[in-house]
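Provided herewith is a single structure, encoded as C-alpha cells, for subsequent inquiry.
For reference, chains read A, B, C and D in written order, and residue numbers begin at 1 within each chain.
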Amino acid sequence: MIDGQTILVWILLGFLITCAIAAIVSKNLLTTVLIFMSYSLVMSIIWVVIESPDLAGTEAAVGAGVTTILFFITLKKVGELHTGKKKKKKDQEEGNEHEGS
Amino acid sequence: MGWFTNHYYEIAAMILFGVGFMGLLLNKNLIKKIVGLNIMDTAVYLLLAQRGMIFGRVAPILGDNLNPSAQQYINPIPAGLVLTGIVVSVSVSAFSLALTHRLYKKYHTLNLDEILLKSKQEKLKAETH
Amino acid sequence: MKDHENTEYKGSTNPFVAWVNADPAPERKPKKEKKQKTAGAEKKAVASSKDEYAAYENRIRKFNSFYKPMAIILCCAFIALMIFVVTQTAPFGIADVPSNNEVSYKYIEDGLKDTGATNVVAGMILDYRAFDTLGESSVLFTAVMSVMILLRKDRDGSLVNDPAEEKVIKEEEKISRIHRDVVLKTMAGIVSPFVILFGIYVVLNGHISPGGGFSGGAIIGAGLILISQGFGSERTKKFFNFKVFTIITSGSLLSYAALKCYSFYTGAHHIETGIPHGIPGAILSSGFILPLNIFVGLIVACTMFGFYSLFTKGEI
Amino acid sequence: MHEMPFVYNFPFFSILLTLVGGMAMPFFRNGKVAQKINIGVIIATGVMNFILLIQLATTGESFTYMMGHFPAPWGNEIKAGPLEALMATMFCFVMGFSLLGGLINIYEDVPKKKQYLYFLMMNLLLCSMLALIYTNDTFTGYVFIEINTLAACAIVMSKDSGETIVATIRYLIMSLLGSGLFLMGLAMLYNMTGHLLMESLQPVIVQMADTGKYFLPLTAVMAITTLGLSVKSALYPFHSWLPNAHGSATSSSSAILSGLVLKGYIILLIKMMYRVYTPELMAKLHITDAMFVLGILGMILGSVKALRERHIKRMTAYSSVAQIGYIFMGLGLNSEIGAMAAVFHIMSHAVTKPMLFLAAGGLANVSGHSYEFKDLRGAAHRNKFAGVAFVIGALSMIGIPLFAGFPPKLFFYTGAIQSDMFRLPVVLIALAISTALNALYYLPVCINIWRTKDEPGHHGHGDEHDSHGHGDEHADHGAHGGAEVLTSHVHDEEEGAVHGGAAAVADTAAAAFTQNKSEAAEHGEHHNTRTTFGFRASMVVFIATNFALGIAYGPMMEVIKKGLELL
C-alpha cells in the first residue's frame, strides 16, 4: 500500500501544512503572499497526483497566478512593498531580496 | 496506523482547515485574514476532491475510447464541484482585497482593531462637531 | 402603565425617564455631572467622547484577551474532533465507496453519448450541472461589479478620488514610459503572445482535453496583465477600454444565459434541442459546450483583467 | 406528466429574469434606467410567483422542474411547492416596496455614477434568494449563497463611507466563515452518501441513521451545515457583525438585509431540515436542542443589547437578532406547529422589520440625517407616515393582537404545548421576558418620536444628562456666550424653527448664529417636503399587510401547513 507515490504525497502534504502555518505566522506580508503562492503551486501538483488535470490547470492559473497578482498589487498600494524596510527593521533582508527581483 | 494511511488526505485537509480558520480568526491583519480564508477554502476543496481519486484509474478524459467503462476512470463529480469552488474563491478574495485597499486608503492601517478604533474616533468627532 | 414599567426597570424612576427622553446611557451620568460644574458644554462633550473612545478601546482589548485563548481552544477542539470524524469515513482511493455510485457511472458511461464531450468533467459542468456553472459565472460577475463599486473612480468626485494617489499613479506611469524596464518589456513581448495563444488553445479544446473556459480564461487574463505591465496601460487601453469590457462581459454572460435557457427550457419540456453532437474528439463537436466554453473564457479573461486594472488604476 | 402546465415554468422564469435583468444593466450605466428595469423585474417576478402560489395552494401539489435534459440525480433541478411560492411572492413584494420606500435615501447615499450598480446588486440579490428558495440541489444552494453574500456586502458598502466599509469587511469575514463551514458540511455529506440532490440524500441518510453506520460523521455534518447557515443568519452568538452592517447601510439596504437576506438562509435551513435530514433525525441527534437553546438566548440577550442602544437603526438591528432567535426557537421545538409558527414568523418579521427600518430612515431624513434618539425627538410630527408606521411596527414586534407579530407568538405557545415537558416552561418564561423587553425598548422610542419640543417638564429632568447639553444652553447661555451656542446642534435649531420655538434659543446669539438658524430652518422646511409619494405608498402598503397578516392568519397557516407537508 505504501509505495513511492504515497511517500511523495505525504511529503507534499507536509509541505502544504508547513506553508500554511508559515504564511499565517510570518511577520512580513510580502513573505506571507509569496508563501501562499508556493502553497497554491504545491496544491496544483496535488491535483495532478489525484488525477484531476482540470483542477491543476485552473489552480495554477487562478490560485498561483491571478490571486497572487492581486495580492501583490494590494501590497503595493498599501505601501508594504516599499516602506516595509523602513517600517520594520527586522524584515529588512526579506524586503530587499524580493524588491530586487 | 490504518486510520492514518487510509485517511491522510482528509487529515491534512482538516489540519489545513484549522490553520486557515485560526488565521482568519486570530490575525488582526486583513491581508493575513484573507490568506487564511483562502487556505481554508483550499482545504475544503482538498477534502472534496480527494474522494474522486481511485487507485489504478485515470482522469476522465476519454480520448479515443468511445465505449468507456466506469471501471477505467475516476469519479468526475468532485473535480467539477471543486472547479466551481476555485472560481468562487478567487472572486471572493478579489472582493475582500478591494475592501482592504479602500480601508487602507481611509485609515492608513491594515490592522482591524486599529481600523475599528479609528472609525469609532471619527464617529465621535462627527458627533461633537 | 408608565409607573408600572418604572418599577420594572431597575426599580428607579430616573433611568426610565432618561430613557424615554433618549438621553445617553445612565451609567455615565455621575462623571458628566462632575465635569459639568467645571467645564463648558463643548468641553464636556469632548471629554465624554474621549471617555467613550477609551471605553471602546478597553472593550476591544478585553474582548481580544478573552477571545484569543477561546478561539484557539475551540479551533483545536474542533479540528481534533473533525480529524476523528473523517477517520470514521470510507478509506481513500478505493472503488467501493458511497460516492462512487450510479451518478458518476452515468457521467462516465453515457457522458459521451449525452453531451458529445470527451472531457467528462467539461461535459458535467457545462451540460449536466449547467445551472451551477451559470451561478458560478454570475459570482464572478457580481465580484467584479462589487469591486467596481469600491474602486472605480468617479469623475464627479467621490471618496475614491484621492488626488495624492492620482499623482503617484501618473508619476509612476511617466517614469515607466521613459525608463521602461527592458527585461520586463522584452520578455512580455516574447512571452505574452504565446501565453494568450495557449489560453485560447485551452479554451477551444476544453471539451476534448483538460482545461476549459475557466483555466483558459484565467491564462488569457494573465497574458493581458503581462502586456499591460510590460507595455504600459495605454497600450492595452487601445483595444480594451471600459466599453469593450462591458460589452464582452455582459454580452458573453447574456449569450451564455440565452443558450442555457434554451437548453433548460427544452429540457424541462422534453423537446430535443436539435443541436448535433458531431464526431467525438473533433473541435467542432459536443453541441453547446464549445460556445459555452468560449463565453466562459471571455468572461473569466475580462474579469481577471478587470480586477487587475481596477486594482492598479481604479478604472478599466 | 408530459404536458406540463405553463405556470410551472414560472420559478425558472423568475430566477432567469432577475439574473438577465442584472446582467443587462451595465449596458445602460444609468441609475434611473437601472431602477426602472429593477422595479419592472420585481413586479414581473412577483406576479409570476403569485400566480404560481394561487395555483399550487388550490391544487395542493408540488413539482420538480428539470434544468436541462437530464432527470434528477444527474442534472440540476428546482422544486416548487406552496411554501416556496409563498416565500418567493413575499420576497418580491417586500423587496419592491423596500426599494420604493427608501428611494430618496438611495439616490442621496450612493454616488451618482454607481447607482446602476446598486440596482444591479439588488437584482442579483433577488435572483440568488429565489434560487435559494427553489433549489433542490445542495451544491446549487452553495453557489447561490456566495452570490447572495457578495451582493449583500455590496449593498451595504454602496453607501460610501468609512463606517459602512468597516461594517462590510466584518460582515464579509463572518459570512465567508459561514459559507466555508457549509461547504465543508456538503463535502463530507458527499463523501458519505455520493449525492448532492436533496431528494436522493434523504433515503441514504435515513438508512444510515437506522443502521448506525457513520453515526458520528452524520452528526458532525448536520451540526456543521446548520452552524454555517446559523452564522450567516446571525443566530445569537454569531450576530456580532449584524448591528454594524444593518445599522450603517442605507435604509433600503438595511430593510432588505434584515427582512429578506437573513431569511433566505433560514429557508434553506428549513429545506435542508425537512428534505434532507428529516426533523425526527435532527431531534434524535440533538441538533434541534442546540437550535432551541441558542434561539432562547438570542431572544433574550438580543433584546437586552437593543435596550442599551441609543441609535434607532442599531436598536432595530439588535431587535432582528432577537427575532431570529424566535425563529430558531420555533424550529427547535420539535413540533409541527412550532415549525409552522417559525415560518409564519419569518413572514411577519419580513413585513415588519423593513417597515421599521424605512420609518427610521424617514424619521432621520427630517431630523438632519441623525439616527440618535436625542435628535429624533418629535420627528414623527414632521413625518407623520413614518411616525405611524414606526409605532405600528413596534406594536407588531411586541406582539399586540391584530398585528402581524401576534399570531406567531400564539402558535409558539401552542407548539410548546405540543412539545416535551422541558421546553414548555422555558418557552413560556422566555416569551414573557422577551415580550416585556421588546416593549421596554420599543415603547420609549415611540413616545420619544411623538413628543413635542415644548412639552412641560421636558427640560426639567430630561436634559441634564444630555452630553451635548441643550438644557445647559437655556440655563447658562448668558455666561458661555456665543461660542458654545454656535456649536449647538443644527437639529435642535431645526426643530425649534419648525415648532416656532426658535426664539427662545436665538435671542442671545450672535448674528452669525441667526444666519445659521435661518439656514437650518430652510433645511427643515426642505426636509418636510421630502416625504415622497413612494415613501408614503410603501408605508401604507406595509401597514396594510401587517394588519392583513395579523387578522387573517388562518388561511396563511393553512398554506404554510400544506407547504411544510409537501416540502
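A few notes on this one:
Note that a contact is a pair of C-beta atoms (placed from the backbone, for glycine too) under 8 Å apart; a residue touches a chain by one contact, two chains touch by 3 or more.
What you see is a predicted model, and the numbers here were worked out from it, not measured in a lab.
Each of A-C and A-B has its own count of C-beta contacts, and the greater count is at A-B.
Centroids of chain A and chain C (each the mean of its C-alpha atoms) stand 20 Å apart. Once the centre of each chain is set as its mean CA position, chain B and chain C turn out to be 12 Å apart. Centroids of chain C and chain D (each the mean of its C-alpha atoms) stand 24 Å apart.
Counting partner chains per residue, chain D has residues 139, 143, 146, 150, 153, 157, 165, 188, 190-191, 372, 468, 487 touching two or more of them.
Residues of chain A in contact with at least two other chains: 52-54, 58, 62, 66, 70, 74, 77. For chain C, residues that reach two or more other chains under the stated contact definition are 42, 45, 49, 82, 86, 89, 97, 99-100, 103-104, 107, 119, 121, 129, 132, 136, 139, 142-143, 146, 150, 159-160, 210, 214, 307, 311. Chain pairs that touch one another, listed by label: A-B, A-C, B-C, B-D, C-D. Of all residues in chain B, those touching chain C in their complex are 2-3, 6-11, 13-15, 17-18, 21-22, 25-26, 47, 50-55, 57, 59-64, 66, 68-73, 75-80, 83-84, 86-88, 91-92, 94-95, 97-99, 101-102, 105-106, 113, 116-117, 120-121, 124-125, 127-128. The touching residues of chain A, counted against chain C in their complex, run 52-54, 56-58, 60-62, 65-66, 69-70, 73-74, 77.
If you check the complex, the residues on chain C that touch chain A are 119, 121-122, 202, 210-212, 214-215, 218-219, 221-222, 225, 304, 307-308, 311-312.
If you check the complex, the residues on chain A that touch chain B are 1-2, 6, 9-10, 13, 16-17, 20-21, 23-24, 29, 32-33, 36, 39-40, 43, 46-47, 50-55, 58-59, 62-63, 66-67, 70-71, 74-75, 77-78, 80. By the touch criterion given at the top, residues 42, 45-46, 49, 52-53, 56-57, 60, 64, 68, 71-72, 75-76, 78-79, 82-83, 86-87, 89, 91-95, 97, 99-100, 103-105, 107-109, 111-112, 118-121, 124-125, 129, 132-133, 136, 139-140, 142-144, 146-147, 150-151, 159-160, 162, 165, 208-210, 214, 280-281, 300, 303, 307, 310-311 of chain C touch chain B in their complex.
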